[in-house]
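First the structure, in the form of structure tokens, and then the observations on it.
The letters A, B, C and D name the chains in turn, as written, and every chain counts its residues from 1.
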Amino acid sequence: MDMRSTAKDGFIDAFEWNILKTRGMEYKIQFTGPTGSNAVEAAVKLARKATNRTNVISFTNGFHGCSLGALALTGNHQNRHASKSLLNQATRAAYDGYYGEEIDTSDLLEKILCDPSGGVDTPAAFILETVQGEGGLNTASAQWCKKIERIARDLGSLLIVDDIQAGCGRTGSFFSFETLDITPDIVVMAKSISGYGLPMSLVLIKPEFDIWNPGEHNGTFRGNNHAFVTSEQAINHFWTDPLFMNLLNENQLSFGLHLNHISDKYNYRVKGRGMMKGIDFLDERVAAEIRRENFKNGLITETCGPRDEIVKLLPPITVSITEVDQAMAIFEHSIARATA
Amino acid sequence: MDMRSTAKDGFIDAFEWNILKTRGMEYKIQFTGPTGSNAVEAAVKLARKATNRTNVISFTNGFHGCSLGALALTGNHQNRHASKSLLNQATRAAYDGYYGEEIDTSDLLEKILCDPSGGVDTPAAFILETVQGEGGLNTASAQWCKKIERIARDLGSLLIVDDIQAGCGRTGSFFSFETLDITPDIVVMAKSISGYGLPMSLVLIKPEFDIWNPGEHNGTFRGNNHAFVTSEQAINHFWTDPLFMNLLNENQLSFGLHLNHISDKYNYRVKGRGMMKGIDFLDERVAAEIRRENFKNGLITETCGPRDEIVKLLPPITVSITEVDQAMAIFEHSIARATA
Amino acid sequence: MDMRSTAKDGFIDAFEWNILKTRGMEYKIQFTGPTGSNAVEAAVKLARKATNRTNVISFTNGFHGCSLGALALTGNHQNRHASKSLLNQATRAAYDGYYGEEIDTSDLLEKILCDPSGGVDTPAAFILETVQGEGGLNTASAQWCKKIERIARDLGSLLIVDDIQAGCGRTGSFFSFETLDITPDIVVMAKSISGYGLPMSLVLIKPEFDIWNPGEHNGTFRGNNHAFVTSEQAINHFWTDPLFMNLLNENQLSFGLHLNHISDKYNYRVKGRGMMKGIDFLDERVAAEIRRENFKNGLITETCGPRDEIVKLLPPITVSITEVDQAMAIFEHSIARATA
Amino acid sequence: MDMRSTAKDGFIDAFEWNILKTRGMEYKIQFTGPTGSNAVEAAVKLARKATNRTNVISFTNGFHGCSLGALALTGNHQNRHASKSLLNQATRAAYDGYYGEEIDTSDLLEKILCDPSGGVDTPAAFILETVQGEGGLNTASAQWCKKIERIARDLGSLLIVDDIQAGCGRTGSFFSFETLDITPDIVVMAKSISGYGLPMSLVLIKPEFDIWNPGEHNGTFRGNNHAFVTSEQAINHFWTDPLFMNLLNENQLSFGLHLNHISDKYNYRVKGRGMMKGIDFLDERVAAEIRRENFKNGLITETCGPRDEIVKLLPPITVSITEVDQAMAIFEHSIARATA
């Protein structure tokens, strides 16, 4: 699995040249088991190894997976409780905006971490999603992300961005953090990275933190050759094509306008960023009803948020404007029925 | 040790009649090993047993002892780090006023605890000091304490007050929480409870939570007969005597006036409550210098706070007004020298 | 992912009819993230949920994956140490034969678990490999496995067989435990289950323990449709064909005879079972040299065991007798060179 | 508390000259909170600090206290379970003789600890009682203790002897390990050390491991001056007096002969060593009946062992021969009644 293959070489070339180099980024690529939680587990272990610390800061409403190491970082009560395990070596902090606009939660976090009697151990890492896909489409501002990055640097902690759901163009740029002016030490990717729904995940590691010894984090399915092939194709086909970037921008614009229109009309709040948005219906029964109605009419949507009160839309980023229009018409129809 | 003795019976009678009954309180008395940390460990175990939960909320700058169960609740970095142990099954929250006057930290705590994706497990208990003796003489307001109590009740969690340092009259009433209008489920006492410096500690338990089976939390030195005798004497001698209460009130008044005068003159902040106050000199070197100077002139003081920047005064509560005057003169002299 | 697909239905039908029903077995099939460690994490969580206990017994030299929950069960020092995490909620016990032939390690385990002062908490589950693929090709006898099963039943604990490496025909029968006369409560499968090297894993659960609520253990890549297709084909093509079973038996016989011959000639011990065998060269440098020499001559082998002192051979179970002969000739040649 | 006092100086002088120096021992004396569990917590923290490891090996039927750090080392199910806490950072091993005479449990322990895939992390320390007072009066042989000491040295782990119950002359010598030819790195003492039943405990530390920084393990009641006075008297009065040593030897002899006689007559097994012996009645109801009968006739005894099936006798070591005779007569009478 660790050996080279044509498919693997092809993917690595494409990713390095067409994703990393064009963005002036330098990362080593680690292939873990092809699920997001495998990649999160690897990222966290590496941060602990690099810092010789154990604590990891994760955020309210964060979702990072269901294996025990990842689950300790995940906020969801149902997932946590089902494990009947002690989830430890992690500290919860409030995400951007969690306590309202007046309170900068990064200030709260810095104060407690820098207080010798604050009682929170200096972390190995901070792990965050720039848009919280499962947690309710909460978004972190560039300013907040930069402060978290600065706090991490001050404390000698690593900054891990979990781009499993928000990455691969979902927010309009390949990485969700490109527009936030931060440079994570580790980036975790999965879900759409294969371009074709195949199991695949990546851990991107700043070269100075690539300190694994051989075999320290192993597994059988670390290289999925099928996924390498499709991923290489997706990268080379889409991410080198200016027309695709135009389409993506137009899609974002159209998608956003539709949602704002709905929001104004029905007086619900739009949440999220780019092609990863939804509407907070405040009531999980309404949200569930809308999801069912959408499905009946051919539109697949999900509910998310602490109480599943938000309907989330993740259209394919290659969708056409016409399809966006159609989808939004179905969505509006469902809202009208459910809230009648 | 569990058997009755004249000394034990005498203490129990005195405590029940002259402390609990006169205050309309009803608690079972448990004698643990005669140190504060033994008592804290017992309190936390009992709360976990009563709720079948493991998480315990403790606060920034809280100090609850150095055995592993108690240390998980203690904020101090040096104590925590020295253990080289994973301190878990505890969550840190911000104490009253920790983030400044504008932010009500009990609101922050309630929000995260009531959010199903907040990622903080519903606690077995909240443990707090009403005045943080080691953590820097921070005080909790009645309003804040009542909100914490209400949150605990809402969540089915127990409220534990650690009155080891602030109890036994130190804040002007026997229990530090008497003036705060809260009813803890468990109260932990030690330090001054023997009235004579002998090792002794207590856990006071609301009758409905006295669910220990025989031998579940045992130990050799659970009943220190010497301490029972001195404690009974202290209770019967002082706490039934109105003149003592007058003296205590006068001492508090005089002590407070002196400190306010010093604070005004030197422009440092007074912290604490009752006979448990100090001045924040902002700089641990100044504080250390003042402590040394005090000692040279016959006044024993301590430094406390996250960086030992606060000089703490805990005069015997039976001190005379003249002695308070003398002590304050020495203190002011030390400040003058140290800040010259 | 949780929705039905033709591929998924096809696989489920094939697995239920041609694997489970023909063996008189009844299990629910759970699709977790497609790696062995995801499946192990799910199995352990389910056992904890079913028993409301946390401790899990795993065995010396056991290997169950590298995510934190799985890693706590894995014996390998390098993997454990690299995590820089506290690996807990697990207790190590000695595998069959670990202390030599005279000591029945299941007796040791039963004694300590049944002693109220033994100090090992009653487990949620026992997890074992019937042949330890990574740990050195140690094999568990039917007698020992049955005793472990009986101890588990007596204590109300679940028996989990990790058949990730030893399953799918590797030991001569589809499940490694078919010849051992045990009925695991949970079986974990991965690696060869797709029949084609695609990421896929399964958790088989006795119906009475299928107590998951929706979404309690979720993940993106729980259904890999490519793998469903290839797995269905492998099951229907091979496991319904008597000729395949004959071939497998002949392969085992031939493979075993070759290894015994080598063992006799060079005086090293053969380890393992079925098509999962190797030779213990006692010295990791010799083993490494043989592996390199094998590779040079076109034979892929691995080293395993506590010090990588064992050369492990896992020929495809569909290999031809001629290929076995060729491989064994290369192997013997490598041994001759390395030990010359 | 950390300051010198006449009482403290007196005790230290007495202990250093009349206990340590006369035995050619060199230890630093740490005063922790005056309970055994406080001392155990301090010892374990120090071992973790000295080795930068977390795991501690403790033994079946071991009892080291009920605070969480100590409780993790304690075998008793009832105490462990009552805590409703995850007890971790500890590994259980079998005490001397636990699996019968044929199996040397130190060999089992060494094998698993030295196996890189054994799955037990290299420990910071081994903690053991030479006679298990609560666990059932099991005794460790000199040969076994020396092997444990050698394994600890080989692994760079510290050897901690918990002499809380077995120390202070209880087994015939001041330290229980004097006759075992081992040199613990840390010794924990409490119970009888004050000579008068006062709360007092000690941690004895080999000078090279006295690496505490100021205030790292603090507490209020670290110096109990009453206990210093009585302890100094006990040391100077008894442990410098050859007549006391003669009396102790005679008492042991007489006590042992009586018990052997009872054992022969009633066919129950004697357990323990020195003045710390008992009889295993195999049935906790019989043991409880004998304890009650003893009490009725003026003889205080305890039950111990996994199921409280052993009646334990701990006569004062300063008892007279006549008193031993009287006590044994009562004991035999109780046995006769209970087993009639």
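Keep in mind that, in the parts below, a contact is a pair of C-beta atoms (placed from the backbone, for glycine too) under 8 Å apart; a residue touches a chain by one contact, two chains touch by 3 or more.
Predicted, not measured: the structure shown is a model, and the values here were computed from it.
Relative to the C-alpha centre of chain D, the farthest chain centre belongs to A. Residue numbering at the chain A/chain B interface overlaps substantially, since over half of the positions present are found in both copies.
Each chain gets a centre from the mean of its Cα atoms; for chain B and chain D, those two points are 33 Å apart. Chain geometry summary: the mean Cα position of chain B and that of chain C are 55 Å apart. Taking each chain's centre as the mean of its C-alpha atoms, chain A lies 44 Å from chain B. In chain C, the positions touching at least two other chains are 54, 78, 86, 88-89. Residue ranges on chain C touching chain D, taken from their complex, read 54, 58-62, 74-78, 80-81, 86-89, 91-92, 94, 98-99, 102-103, 107-108, 111-112, 115-121, 135-136, 305-307.
Chain B contributes residues 33-38, 41-42, 45, 48-49, 52-54, 65-72, 78-79, 82-86, 88-89, 124, 164, 190-191, 198-199, 212-213, 215-221, 224-226 to its touches with chain D in the complex.
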